[in-house]
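Next come the structures, one after another.
You will see two complexes here that share subunit A, one where it goes with subunit B and one where it goes with subunit C.
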Partner chain A sequence: MAEVEETLKRIQGQKGVQGIIIVNAEGIPIKTTLDNSSTVQYAGLIHQLVMKARTTVRDIDPQNDLTFLRVRSKKNEIMIAPDKDYFLIVIQNPSD
Partner chain B sequence: MGAGGLNTKGRHTQLGSGYLSCTSAFSGSPQPQPCGKALMQATGEMRAIIMQSHPNDILPLTLTSATQELFGCRCDEDVTGDNPYKILRKEDIVQDMRMRAAVSDFSPMKQLVLDYPEDELLLVYDRDFIYGSSFYLVLTADAKERHLKVIEVALEREPSEVFAAQKTSEPQPWISLGSEQEIEEESVTDSRPRLKYRISRVRREFGAPIFFSDRNAMETKDGFIECTPYQDKNFSLKQMERHTGVQTIPNLKSSSTQTQWTYPRSMCTQYEPREFSEEKKENCLQSEKLKNFVNSVASRFEIAIQQNEIMDVFFDDWKALSEEDSGYGRKADPHLKEYQSFTDLHFSKEKTISNINWHPTINGVIAVAVTERLSFEDRINGSTKLLLNPSLILFWSFSDPINPQLLLECPDDVFSFEFCPSDPNIIVGGCMNGQVVLWDISTHVEQLQGTHKRENETPVVRYCAVSGIENGHKAPITDIQWLPGTFEVSRMGVPMENKNGICVQIVTCAPDCCVMFWDIRAPRVLQTMADQRKQKVEEKPLENPHGVPNTFKHLDLTWKPLIRVQHISYCKTRLQLVLSTTFCPQDGELVYTDWKLEKDNDSGRLFSAKPSHRFIIHDGQVNTVRRSPFFKDIILTVGGWTFAIWKEGVTNGPIIQSSCSQKKCTVGYWSQSRPAVLFIGKEDGNIDVWDLLEKTHEPSQTQNITATQITCIKPWIVSSKQHLLAVSDHLGTLHILEIPWTLRSPSSNEKLSMSKYFEKEVDRLVYFEKRREMRAKEKKDYEAEELRKKTYLIKRPVIFIIEK
Partner chain C sequence: MSTFFSQTNMLLMSVWSCFFGQDEEDGTEMGEGDEWMQGKTLIKPLDQLDLTEAELKEEFTRILTANNPHAPQNIVRYSFKERSYKPISSVDQLAVHFVLEGNLLHQDSDEARRQRAKQGLPEGRYDFQSTHAAGGEDAGDVEEGGGEERADSVESKAGKKEQKITNQFNFSERASQTLNNPLRERGCQTEPPPRANFSATANQWEIYDVYLEVLQKQEKNKEKAKAVPKKDDDKGKKKMMLVETQSDDITKVAKVAKIIERMVNQNTFDDIAQDFKYFEDASDEYREQEGTLLPLWKFQYDKAKRLSVTALCWNESYKDLFAVGLGSYDFTKQGRGMLVFYSLKNSTFPEYIYPTTSGILCLDIHKHLPYLVAVGFYDGCVAVYNLKEETLQPIYKSTAKSGKHTDPVWQVKWQKDDMDNNHNFFSVSSDGRVVSWTLVKNELVFTDIIKLSLAGAVSEGPEGVQLPIMACGTSFDFHKQIDYLFLVGTEEGKIHKCSKAYSSQFLETYNAHNMAVDAVKWNHFHTKVFISCSSDWTVKIWDHTIKTPMFTFDLNASVGDVAWSPYSSTVFAAVTTDGKVHTFDLSINKYEAICQQPVVAKKKTKLTHIEFNPVYPIIIVGDDRGYVTSLKLSPNLRKKPKEKKGQELPKGPEVEIAKMEKLLSLLREPENSNA
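Coming up: the complex of A and B.
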């Protein structure tokens, strides 16, 4: 538990990171540094996106799998690392 | 006649010729009873007694003489002792029974008769009353046969004798029985002698020519005999066989259904996201899986995040490169190029242009207000002449530099006018005598657009509405402004939302210490309160600030927050907005006031609040107050020999103030496309272009446009490639200049840089203020210290040692 906390703190401490969310495989947030409404919104939307991306990658090559997804927008960048049971979402504002 | 048994069937025999026989029979089963019963029913005890004494198949009965006659069996006449047998037909008996019912003699034995199978019954005359009656009826066929055999035997004896006798008969004479009559009838004989006729014709008619003539058969009755056809039934054939084809078709049935319309009901669904409870979250967090996951994933994230920090991979270097390069070695001329100039010999001779306005929608049309360039004294002296010369607003079009397109007639010299933002056909102007004038040029719009062929004469449009002299300002209206379409101010000065979206209100200001709000709608819609003379309200529509100071006498408001009455019928309306406005009075003072109308509890009159801030910056009359089109809270003021930039909210002073220039600044305007550029017009006809990001101590370029003072500058964006600057001078000439590329295209992040610059300046001001305070405090402390020291020092002698 402490390890997890430490790692998350390290990531959070990087420059420009706005928030971190840990979501389980069904899209229910487990841990977050943002407020509840944003968390819930991010979790729901990104879960769908990750599922779509993952199926896309696997459709093209069944041996392949999604390891990392970065969505860059005008204002910030959303980085998602999926796993079998969880995924971790980090929102960063790179231009600052 | 033996005792008969019971016979089941009867037999029918025929005797000789002419005799009918009938037999009787019993039906089916031996039934002695019915016979007995019938007899019992019959009248007479004698019968009953007799029953036992006669055989079963014989039924004695008595026949009345009527019956005897009827059936032809009269005693001793038809039937005798020698010939006692009489054959009776069953049908006759039945008929008799029917006809005479109970009276009939046969009625007792009705059933027996009916049962008798054969058609003929034998009736025997019993002369000797063997069986008790004069007759008896033979009931069975056997009995009948026996009887008849007896008869035959009896008869046979006789016919043989008769037959033998006939053999030797001799021819008798023929007895006519009437048959010869028939023969006679059949034979054909002449009933009368035959008639003879002789026909002859006149001799001369033989061989005569024959003349045929026509005769219509219909003329005479019976002229023709017709043989009309008729259907001979002998030949009507009935078709016994017929060849027909049969086709099967699908059975079509049209039907319809109607869905039942149930009334719609609004439904809603509320969903909320699934969330874990706290314990669940804790469980998850503690699990091993999560730990492993986070560990494995963290490294990827760190790489990614650091990547972002190091450089922005999506930054377009090529594009950025081109922009920076533009500043260098550009052959393009940074000067304002003269595009066109307008002057009218007839209308703007001896006059000056007081205000310019581009037409908001029609390209290439610009309106200028020409006024007399006379001082006040000259005006009074030459007032009669002035009356003859009407004041005008000229409309110029780029297509025709010599003749103005349209003239608007004004009651007096117009110092400021504006197009209505929501309807460019409405123009409002403020006159020198304090009146507010409205024009409507919708009839001439086509001409302005150039689609209409122009006549030789420039059309003149008279003002359609003007405020009353007593209602308007008492001084020339120096500024006039439309309230933006989203705004509306109520009577009490409370700004409200204007639902129409069209501009309906105008603000005017004049040096008579008044700011007036005017409404162009019908009075009942919005009646604002009577004007408050002493109130100076500043209102600040979101475009340009203008304000009218209220507490000052000499207000020369060059900006527009003037209240103006639009129509003569309207009373002056003054509206006060809660927005604060700035305005500048004549003597170089800038006053910043809040709008609200407050009620004075004592007198009950409404008055506006005192101005919140006053600044004296400019050395001369402030003639320009303008907001920056890019920053909502940055204001430019031009007056005297300097210009200043202010930020709303910063009450210490202007954040930027220029140094005094050689010549007076007459007018200023922000550039429409570059946040850092402004144009200042000078009294010697120069235009200074200031680029605040380049240098702030002097204008980045100066260009001479005309020989006299510049009265108005208005830039306009025609297209992205063409930005024009309209400059008017004191001689009445309107110059249109083209803004070069350097002055119109903003550099990258110009706005950001400017805002940072302003912030820096604000910080500087704040710092200076702080320092001032600090200094003041220090000074005070120092003085206090000095005082203390002095008192202290007095006690001690001071020795001065002077060394050579």
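Coming up: the complex of A and C.
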């Protein structure tokens, strides 16, 4: 348990990381370092995206599964790592 | 009835007599006329004419003719023949009183036949006698109707087929109404079952998931069936299960968090990752014999800052994972140590961390089982760690009772499994023993393989017993192909060639160096060649059949470690305490290094170890500050033999051997000629 906390702290301390959100399988954010409104917005939108991406990958080959998803935009990069019950969202600005 | 009949009869007769023209109205023929007349009493109307008797006796003549009084008598028609109107002589006097069209057909007429055919009765005359009889029978029923009726009924009865034809005239519909039971509505209402909205998708992969789960459950059941007698284990498992469910919130994110961390690192060190993968120094084309080392990631761990890197080892199975042993070479500053594993994918934080009580001096990862790590400590212990286990303690550790070394263990190496399929490894230590350790069940069992005794030197022990002084082994290496053959380097500067079979004698001894032999390594390709380095500033290359070195290189500083490259038989690298990495390629330059590069920022840091990655063109270098730096080899350092025109590029270890052999033969020939 403490290891995971430490890992999250390290991620937060990395250069350019703006926020971390942990969302559960239903799309409800459990833990976040951003403010409430942004968190809810991110969680809702990204949840749908992840589901779509996952179904795409698995429809092509059911034995395959989504490992992670990167959405790079002009201002920052959103990294999503889905798990069976949770997924983790990290927003980083890599050029900082 | 009879009177009526007679009356009508009389009427008819009187009518007929009128028509036949009887002049007088005489009732003499009809006796009954008077009766008819007498039925009425004579009443004188009031406005009757009063006539005289003479007028009363006047006879008036009435003539009854058959002329129709209404018929016109002066019909004139135009005659076309005479072209004039002419009166018609005879005028139709017939007065029609009543017309009734009947529907009797003669039975032999066409229409009758057609009708019979329609009704399905056969043609032909009927038997009148039978019909009469039938008619007679029916007389009672039928008498009320007219005669026509009889004919029909006759027809209906006389059909050869006993088909009942509905009576068209005397047909009465009969209906009766039954009692309708009164209807009553009765209903009862139950409580509606609880409802919930359910929606799901059934994709191919969801089906696959479910099947997998079922499979896993089945396997678990099988295992449980097997493990039923072991009740204690089950209890233990149950406890484990409870613990897991309580803390399932954050720990489940662990794996995902790891992936994210790597992703973030990849972003942060994006340029390094790109360099690692794709960068090839283009300037090497212009520098014929020189190469460069491109610094990539730098690995450091906070808690290991005061320790120096004492051992490095790449993992054979996971090409990006390497182990770092941390401790101290300083005799006076002995404290704790650490075993740390890094992955190239995450340079900011180690993957595995094991703190140890004593400084680590050497480590080795098993070739086939990437989770088994053998470690040698400064206090003489050896331990085996299992990376799969959650605990931070080694799974095996040698103790004073179980034959641990009395001096620091300088080198450990895994061997092939012995005949009982137990894992075993060797260790060499300053106490002069080369020991083989076997992992038997829960223990480490040790066997002294050889004792390094100083030849000739004998010391006096207590009670006058002469004890041989042990040499201090500082490094060893096993031959790649010949299993039993190995080399041991000692603190005295000698290298002994030994065999596992012979425990007391050396096969060969080389007077290698003036100071302790820090590293000795066999060549990966050429079976006869090995390299050694020492604190006496030299690196020497040997052919084990020849007692003198083939090549000697002076590096101007104490050499910490030397390593052969896994891709070429003539390339090797050495690190020195002045912070430089020297890379040699004997096929290009036999006397000098093709690359001499300082690697660390601060000049006082000493480089302690170097290792080539078996797959990628990178090397890792450890220093005495606890840092590990990774460097990429430029193309010049990785040269493969040039292809000759027209020939295919030969590949494989044979080429490398040939290359080395060629070099050696050049050296041997002058020697032979000299000798």
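Note that the second predicted complex is superposed on the first by the 95 of 96 C-alpha atoms of A that agree within 3 Å, B and C clash if a C-alpha of one lies under 4 Å from a C-alpha of the other, contacts with A are read in each partner's own complex, and residues count from 1 in each chain.
Criterion: a residue touches a chain if its C-beta (ideal position, glycine included) is under 8 Å from a C-beta of that chain, and two chains touch if they have at least 3 such contacts.
Because the structure is predicted, anything quoted here is derived from the model rather than measured.
In the overlay built on the shared chain, the residue A:75 is in contact with neither subunit B nor subunit C.
With both structures placed on the common chain, the touch criterion links A:43 to subunit B but leaves subunit C unconnected.
Touch criterion met: A:62 reaches subunit C, while subunit B stays clear of it. By the touch criterion defined above, A:22 lies against subunit B and subunit C together after alignment on the C-alpha atoms of chain A. With both structures placed on the common chain, the touch criterion links A:94 to subunit B and to subunit C. Touch criterion met: A:86 reaches subunit B and subunit C at once. Once the two complexes are laid over each other on the shared chain, residue contacts for A:10 go to subunit B and to subunit C alike.
With both structures placed on the common chain, the touch criterion links A:30 to subunit B and to subunit C. Legend: residue contacts after superposition of the two complexes on their common chain; A:52 is shown touching neither subunit B nor subunit C.
Residues 1, 3-4, 7-8, 10-11, 14-17, 22, 30-31, 67-68, 70, 77, 79, 81, 83, 85-86, 88, 90, 92, 94 of subunit A contact both subunit B in one complex and subunit C in the other.
Touching subunit A in their complex are the following residues of subunit B: 273-276, 281, 284-286, 289-291, 293-298, 300-302, 304-306, 308-309, 312, 314.
The part of subunit A that touches subunit C in the complex is made up of residues 1, 3-5, 7-8, 10-11, 14-17, 20, 22, 30-31, 55, 58-59, 62-63, 67-68, 70, 77, 79, 81-88, 90, 92, 94. Put simply, subunit C touches subunit A in their complex at residues 203-205, 207-209, 247, 249-261, 263-265, 267-268, 270, 348-349. Residues 1, 3-4, 7-8, 10-11, 14-17, 22, 24, 26-31, 40, 43-44, 67-68, 70, 72, 77, 79, 81, 83, 85-86, 88, 90, 92, 94-95 of subunit A touch subunit B in their complex.
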